[in-house]
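Chain lettering (A, B, C and D) follows the sequence in which the chains are written, and residue indices restart at 1 in each chain.
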Amino acid sequence: MRKCSLDSMNSVFAEIAKAATLYIPADRTDGAAVYTKWEEGVVWSNALNTVRSPKDFFFPQMENLMEFKTQGKNIEIIDTRSETEDFVVFGVRACDVKSFEILDRVFLSEPVDSYYAARRAHGVIISLACTRPSETCFCGTFGINPAEPAGDISVWKTETEVFFRSNTEKGAALMQKLEALTEECTEEAVDAQKEKISAVMKKLPLADLTTEGFGGGKTKELFDNPAWDELSQTCLGCGTCTFVCPTCQCYDIKDFNTGKGVIRYRCWDSCMYSEFTRMAHGNNRNSQKERFRQRFMHKLVYYPENNDGLFSCVGCGRCLAKCPISMNIVKVMKKIGGNNK
Amino acid sequence: MQVKEYKPLIVAFCCNWCSYAGADLAGNNRLAYPADVKIIRVPCSCRVNPMFVLRAFQRGADGVIICGCHPGDCHYTSGNYYTRRRMAALFSMLDYLGIEKERTRVEWVSAAEGAKFAATMNDFAEKVAALGENKRLEDLRCKK
Amino acid sequence: MQKITREQLIDKAVSLLENGTVEAVLGWGKGEFDYDVTPAVFKTADELKAGFVWNDFCGANFSKYLVAKTGKIEGKILVFLKPCDTYSFNQLLTEHRFDREKVYAVGIPCEGMADIAKVKAVCGEGISAINCDGEKIAVTTLYDDEPVMVDAKDVLAERCVNCKSKKHVAYDELLGEEGEVVDSARFDEVAKIEAMTPDERFAFWQNELSRCIRCNACRDACPACTCEKCVFDNPNSGVENKAPANSFEEKMFHIIRAFHVAGRCTDCGECSRVCPQNIPLHLLNRKFIKDINEFYGEYQAGAEVGSRAPLVDYTTGDIEPGEVFDRRDKNA
Amino acid sequence: MQRVGVFVCWCGSNIAGTVDVQAVSEALKNEPGVVFSTNYQYMCSQAGQDIIKDAIAEHKLTGIVVCSCSPRMHEATFRKTAAAAGLNPYMVEIANIREQCSWVHKDMLTGTEKAIILGKAAVAKVNLNAPLTPGESPVTKRALVIGGGIAGIQTALDIADAGFPVDIVEKKPTIGGKMAQLDKTFPTLDCAACILTPKMVDVAQNENIRIFSYSEVTEVKGFVGNFDVTIKKHARFVKEDICTGCGACTEKCPMKKVPNEFNLGMDNRSAIYIPFAQAVPKVATIDPNYCNMLKKGKCGLCAKVCAAGAIDYTQKDEYISEKYGAIVVATGFNPISMDKFDEFAYNQSKDVITSLEFERLTNAAGPTAGKLVRPSDGKHPHTIVFVQCVGSRCSACAEKGKEYCSKICCMYTAKHAMLTRDKYPDTEVYVFYIDVRTPGKNFDEFYRRAVEEYGVNYIKGMVGKVTPEGDKLKVQASDLIANKQLHIDADLVVLAAAIEPDKSARPLATMLTASMDTNDFFTEAHPKLRPVESPTAGVFLSGACQGPKDIPETVSQAGAAASKVIGLLAKDKLTGNPCVAHSNELMCNGCSSCERVCPYGAISYEDKEFRMPDRTTKIRRVAVVNPAVCQGCGACTVACPSGAMDLKGFASAQIIAEVDAICK
C-alpha cells in the first residue's frame, strides 16, 4: 500500500494523465458530480457519487457500430471502429466497481461484444472507498463492502491523505508510475476508516434490506404476485431509473439514414419504454405493469438465475434519488419477497 | 485541400395557391434567383410542421423559408394565420437557443408577385450566405 | 410549513370513502425516507392511515394520472389538488382527456414544496429524518448529532420560488383558505437569457441541453404530454430516437417537446423537477408562455375550461414572425 | 417498394436549353425504386403521353415522376395519362424543372444539378404515395333557406324555379323582412311593397317552397349534401292551415296595448295579430306575453269570434327534423341600438328617430298613414336634420359603433331628404355627412338630384350634440367646408343608424361551423372568387348576413347563392378531393386541437371502444374527419401534437422525404 498527501493529488492526476486520458468526478455547473476529463484546473469532487454511472465508459449511451454507403445500387459496408485509447477512471465507488462484473457477464460471455471488450481492455479503474454513505445506499444488501472497493487500484481518502493499493497487473503498472509521488505504508493505515464505515453501514436506514425471497428459480413465485399492480400503478414509464443505473445493459440497434449513407448505431434502451423490444407484431409487454415487473424481475430473478446467483443491482441508490415518483427497487424488495414477512 | 465555394442550401416551403404560383410567375418572367433555393410544394403554409423546418436544418439546410398567401387571402381562409402564430413562436424559440434568426423567415407572396418571390429569394439567399454554414443546428452525421 | 395537516386530508378522504362519494383516493404515499413520497392510490381508511403522507415533499402533480385512472374504476376517484395542479386539471379537461364526472377534486392550499436537492446541498448525504416545523425544517443526518435547521424558504423548489398562483381554479370542495393569483417574477430568468448575445444564449443552452440523457422523464411527468403515442416514441414520425444522438437531437427533442405543449403548458414545473440532470426545462416552456403573452395577450393555460389555446387561435392583426425580432430589439 | 418511372421533358428548348435532360434522366435512374427513366421533347404531347402509357404497361410502373413544367400547368394532364394507362392518378408526381429551374437559372451546370435534385425529391415523394380515390356521398335534393327577407325570398324562388324543393325558416310570423317595412326604394323610388309583396305571394304559391314562419333552426348536423336540421316551430296558438287571415280576432281582442314591432313601437297592436296586411302566411299569431287567456286563463274572445275555429290555446312548440343538401344563410341585419349615442338625445326626445322609423312614418301603411308628423305632438316638422354615419365608420369608438361603412345610409338618406322636399316643399332639410358614397348604377345622379333639384342642404360635418329645448331640437354641428359651427333649431332629427348582423347569426354560425368575422358577418369562402359560399361546404350566403348590402345587390347575391345551390343539388353524388386529412385513431388523443383550427368544421369526435392490451376495453374520444367536407389544407396536421392527423397526398413522411432528398 502506498500513500500521498491529499494536497499532492493534483500531481498524481497530472502524472496519470500523461499516459492515458483520466476521468475524475468533478462538480458540474448545476452542482451535480460527473466524470470529467481531467486537465489542469479540474477539481476532484467531494460528492458521494456521480449522477451518471461509470458504465458510460465501457458501454456508452450511443455508439456507432458501422456504416453503409450506397453508390448507385451497390452497398459498401464500412467498419467505423477506431483503436480505443487507454483511459483511467478514477474515484469509482465500490458499488459501481461491482457493476462492471455484472456487465462483463453479459458482454464478455460468448459471443463477446467486441466494442465493449475493447474498452474494458483499455480502461483502468481506480476505485474509491466511501466515507459518508447516503441514506439511499444499500450496497450491503448485495454483499458489497464500501470500505473495500475492488478495481485495478483501490483508494482510500482521509482528511489529509490518500491511500493506494493495486489489485491487478494493470493497477500495479499504473502505481509504478506514481512511485515518485507516493510513499509506502502499511495496510493498517486505513483500518480505522474501514471500521468507521462498517459502523455507519449498520446505522443506514436500508441496512436490514435483504435479498431473501429473490434469486434464481423464483419466477413462478413472484411473477403473478398481486403487489406488482400496486407498485407499478403510478410509474410514469420514463427511463430515468434505467439510464442512471450502473447495471442496466439493454440497448437497441438502429439505422440512421444520413442521406449519404446509413449509420448503424446502438443506444441504450429501457425496458420501461413502450417501444422496448418492439417486434413486427408489436410489443410483447404492453402494459406499464409488465414493463415495470420486467425490470425488477430481471435484476432480482432472471439475471441471478443465469449468473450463479449474482443479482444485477449493486445498491448504489441512484434510482432512489432520481425516480420522478420515488418508486424503486427497495420498495419492490420490501413489498414482495422476504422483507415483507 | 480543395477550397469549395460556399453555397447555402435553402429549403422553401411554398403554398400551392399563392406562393408556388408566385414562383411559377417568377419563372414565366425569367426573374433569376439562386439555384440554392429548392421549393417544396405544400397545400397551404399551415401544412408546414416545425418538425419539417428542423428536419431541413438537420439534413444540412442553411436556411428555411416558408411562403404563403398574404394574410386574409388564404385559399383555406385561415391557414396562414395559424402559420403566422406557429412560426413566430418557433422562430423566437430558435433565436432564444442562440440560433441565427436570419436563417428562418416567413414571407407572404401572392400568385401575382413573381417579382417579389424572386427578390425575396435573392435577399434571403444573400443573408443566409452571409451567415455562412449552419453550425448551430447541424447534425454532423448528415454532413460527412 | 404546510398549513393544512395530514390528518385533515385523511379525515376528508376517509369520510368521502365511507359515504360512498368516491371509490379510491389518489394521494401521496409514504416511502422509505421522510422526503420520499410516491403517488399512490388508496382504497380504504386503513390504507390511508398507514400510508398517506402530506408534507413539504408532496410535489407530484396528480392531474395526469386522471387520464389513466378514471378509465379504470366504476365510481369516482378523489384527487387532492394543490393550486398549481388545478390548472393542469382544467387544461386536461379542456382537451377532453378525462371524465370530470369520475373525479372528486379536493383543493388544498400549498405553501410551497421543498427541493430535497437543495436540502442536501446544505446538510449533505445521509439524511435520517426531516421534520417540518413552521418556517424551519429540521434535518437529522447520520453524521451530525444535532439536527440541522434549514429555513424552509431557502430550500423551496424552483417552481415554488416563482409560484404563479395560490388560487385553485377547479375543485369540488376546498379545504383550508383560498389564495390569490400571485404576481410572480417567473419570467425574469427568461428575460435574462433573452438579454444575452446570441453566442451566449447558444453556449448557455448547448451546455444545459448537452446533459440530456433522453430518459423522457420531463415528457412523462408533464401533465400536458398525454399523447396516446408520442412522436418521439413513434418510429414513423421521423424524429423518434431513444438516445440524444448529438447536439442536434438534444435541441430538436426539447424544441419540439416545448412546442407541442406551447399554449397548453400551465407552467407547473414538473419537467424541471423530475429532470435527473437538472436541466432548467421550464425555461423553454416559459419562453413560449412569455412570447404568447407578449404577442397575443396574457394567457394562462388551464385558468378556465374550454378556453382556446393561443396556437390554435388567431386574429387577423397578429404580429408577423419577422416583426418579433424588431420588437425585441426595440425593447432592448 | 414502388416501381417508379421517370419522364424528363425537354419542353423544346425551354428546359433543354438550360438543363441537360439526358443527364437528369440518367442520374435519376439510380434513385431507389426507379426502374425506368427517359426524356422526350414534349411530354405533354400525345406522343409524350404515349411514352408514359407504354412505359407504365411495359415496366409495370406503380408510380411516375414527370420532370417538366409546373404541376399547376400539367399535373392534371399527366394524372389523366396515368389513369388512362390504368395507374391511379395520384401516383403521379411532378418535378417542376421549368418555372422553378430552367427559366430562372442561366447556367447549364447549375440548372442540371438543381433539376436532378428536384427530380430526386419527386422520386422520394412518389415512393411514399398511395393510390387515392375520391370519396363519394349522396346529395339530398332539398335546400334550406334561413331567413325570409328579400335575400331569402329571392334565393328560395330561384332554387324552386329550378325544380328543387326549398324550405324557408323565418323567425317572425311573416316573411318579408326589412324590405316589407320600407316605403320607397332608391334610386328608382318605386314602392317597396309593390315589388316585394308579389314575390311573397309567389313564395306562398310555389309548390316547391314550404314556409316555416315563427320558427328557428335549433340544430344542424351532417355535412354538404347531407345536413340533418332540426327546426323549432314556435306555438302561435292558431292553426295555420285553418286560419283564413280574416282579422276578426285582431279586432275583437281586448288587449290592444301591445307595442307594434312592425312599426317599431310607434303604435300598438293587439295580443293576437297579423303583422301587416300582406303578411305571408297571412295567419294570426297570439303573443303569449300579452294574451290574457294564455297568461291568466281568462278571455277566450278570439276563439269565440273565429269562424274557422283556428284558435288553439293548447298548442305547443313543435320540432321538425328534415334533411337538406344545401343551406343558405339569409339572416339579414338590424339597425344598431341607439342607447350608446346619448349626444343625439335619441332616448330623451321622441322626435329623434332612426331612419327605419322614418320609413314607417312616411309609409302609407305606417302608424301615421304616411303623413310625416312629429311623433311627440303630431305636428308637421318644418326643419328636419338627417345625421349620417351614426355608429358607422366608428374606428375611434369601436365599443360604441362599428368600424365598417354601413353602405346603404347615404342613399336612403338622400331618398328621405328628396321625398320630404317633394311632398313638403316648405320643409327645410339638412343632411350632415362625413362623405357621400354613391357607387352604384344611377346612385350619384340620384344624390345630385336631391341636392340640385330638391334643394337639400348637404353639409359636410358631424352633428356634435342634439338638445331638446321646448318643442325644438337644438342641433349643434360643424360645417367642415365653411369651417364654422352651426346651430339649427330642428323639429325632427333622423339618425342613419349603422346596421349590424342579426343577433341570431352568431349561434347559427356555431351550429353550421361556418366562420364569421369580428363583426359577426359571415365570412365567404374566398372574398373575391367565392363570395356567396361559406368556407363550410354546402353552406351559402345571401344578403346582408355577409356584409351591408342594398336591395339590388342583395337580390343579385341571392340569385348567385341560388345558382350555387342548384349546381350542388343537380348532382347525384358529390366527389370529394381525395387529398384530405385523416386521423389515426390509435394515436388520437381526442384533444380537439384539430377541430379548433379546421376552417370547414370537417372534424367531429366520437367515443370509440378500444381493446386494451390487458384484454379490457377502453372508451376513448377520437377525431373523425369527414372527407366530404375537408378541403385538405393541413392545418390540423400541425395542430395535432401526436401526429395522429395526417394529410393524404401531402403526408408528413412524404414531405420529410422531399426535405431529405433536397438536403442530400
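In this section, a residue touches a chain if its C-beta (ideal position, glycine included) is under 8 Å from a C-beta of that chain, and two chains touch if they have at least 3 such contacts.
Just so we're clear, the structure is a prediction, and the values are computed from it rather than from any experiment.
Participant: I want to compare two interfaces, A-C and C-D. Which one has more contacting C-beta pairs?
Facilitator: A-C
Participant: CA centre of chain A versus CA centre of chain C: separation in Å?
Facilitator: Chain centres of chain A and chain C, defined by C-alpha means, are spaced 30 Å apart.
Participant: Calculate how many whole Å lie between the centre of chain C and the centre of chain D, each centre taken as the average of the chain's C-alpha atoms.
Facilitator: 45
Participant: Taking each chain's centre as the mean of its CA atoms, how far is chain B from chain D in angstrom?
Facilitator: Centre-to-centre distance between chain B and chain D: 35 Å.
Participant: Roughly how far is chain A from chain D, going centre to centre by Cα mean, in whole Å?
Facilitator: Comparing mean C-alpha positions, chain D is 68 Å from chain A.
Participant: What residues in chain C touch two or more of the other chains?
Facilitator: Those would be 231, 237-238, 245, 311-313, 316.
Participant: Mind pulling the chain D residues that touch 2 or more other chains?
Facilitator: Chain D, residues with two or more chain partners: 597, 639, 652, 656, 660, 663-664.
Participant: Quick one: which residues in chain B touch 2 or more of the other chains?
Facilitator: Correct list: 50-51, 55, 59-60, 72, 78, 82, 86, 141-142.
Participant: Just say which it is for the chain contacts: an open line, a closed ring, a star, complete, or other.
Facilitator: Complete.
Participant: Can you list the chain A residues touching chain B in their complex?
Facilitator: Against chain B, the touching part of chain A is residues 256, 258-261, 263.
Participant: Which part of chain A faces chain D closely enough to touch in the complex?
Facilitator: 72-73, 257, 259-260, 286-287
Participant: Enumerate the contact residues on chain B facing chain D in the complex.
Facilitator: Residues of chain B touching chain D: 9, 11, 16, 20-21, 23-28, 30-33, 35, 38-44, 46-52, 55-56, 59-61, 72-73, 75-79, 82, 86, 118, 142.
Participant: Which residues of chain D touch chain A in their complex?
Facilitator: 30, 612-614, 660-661, 663-664
Participant: Where on chain C is chain B touching in the complex?
Facilitator: It is residues 190, 193-194, 198-206, 231, 237-239, 245-246, 248-249, 251-252, 255-256, 258-259, 262, 284, 287-288, 291-292, 295-296, 310-316, 318-322, 324-325 of chain C that touch chain B.
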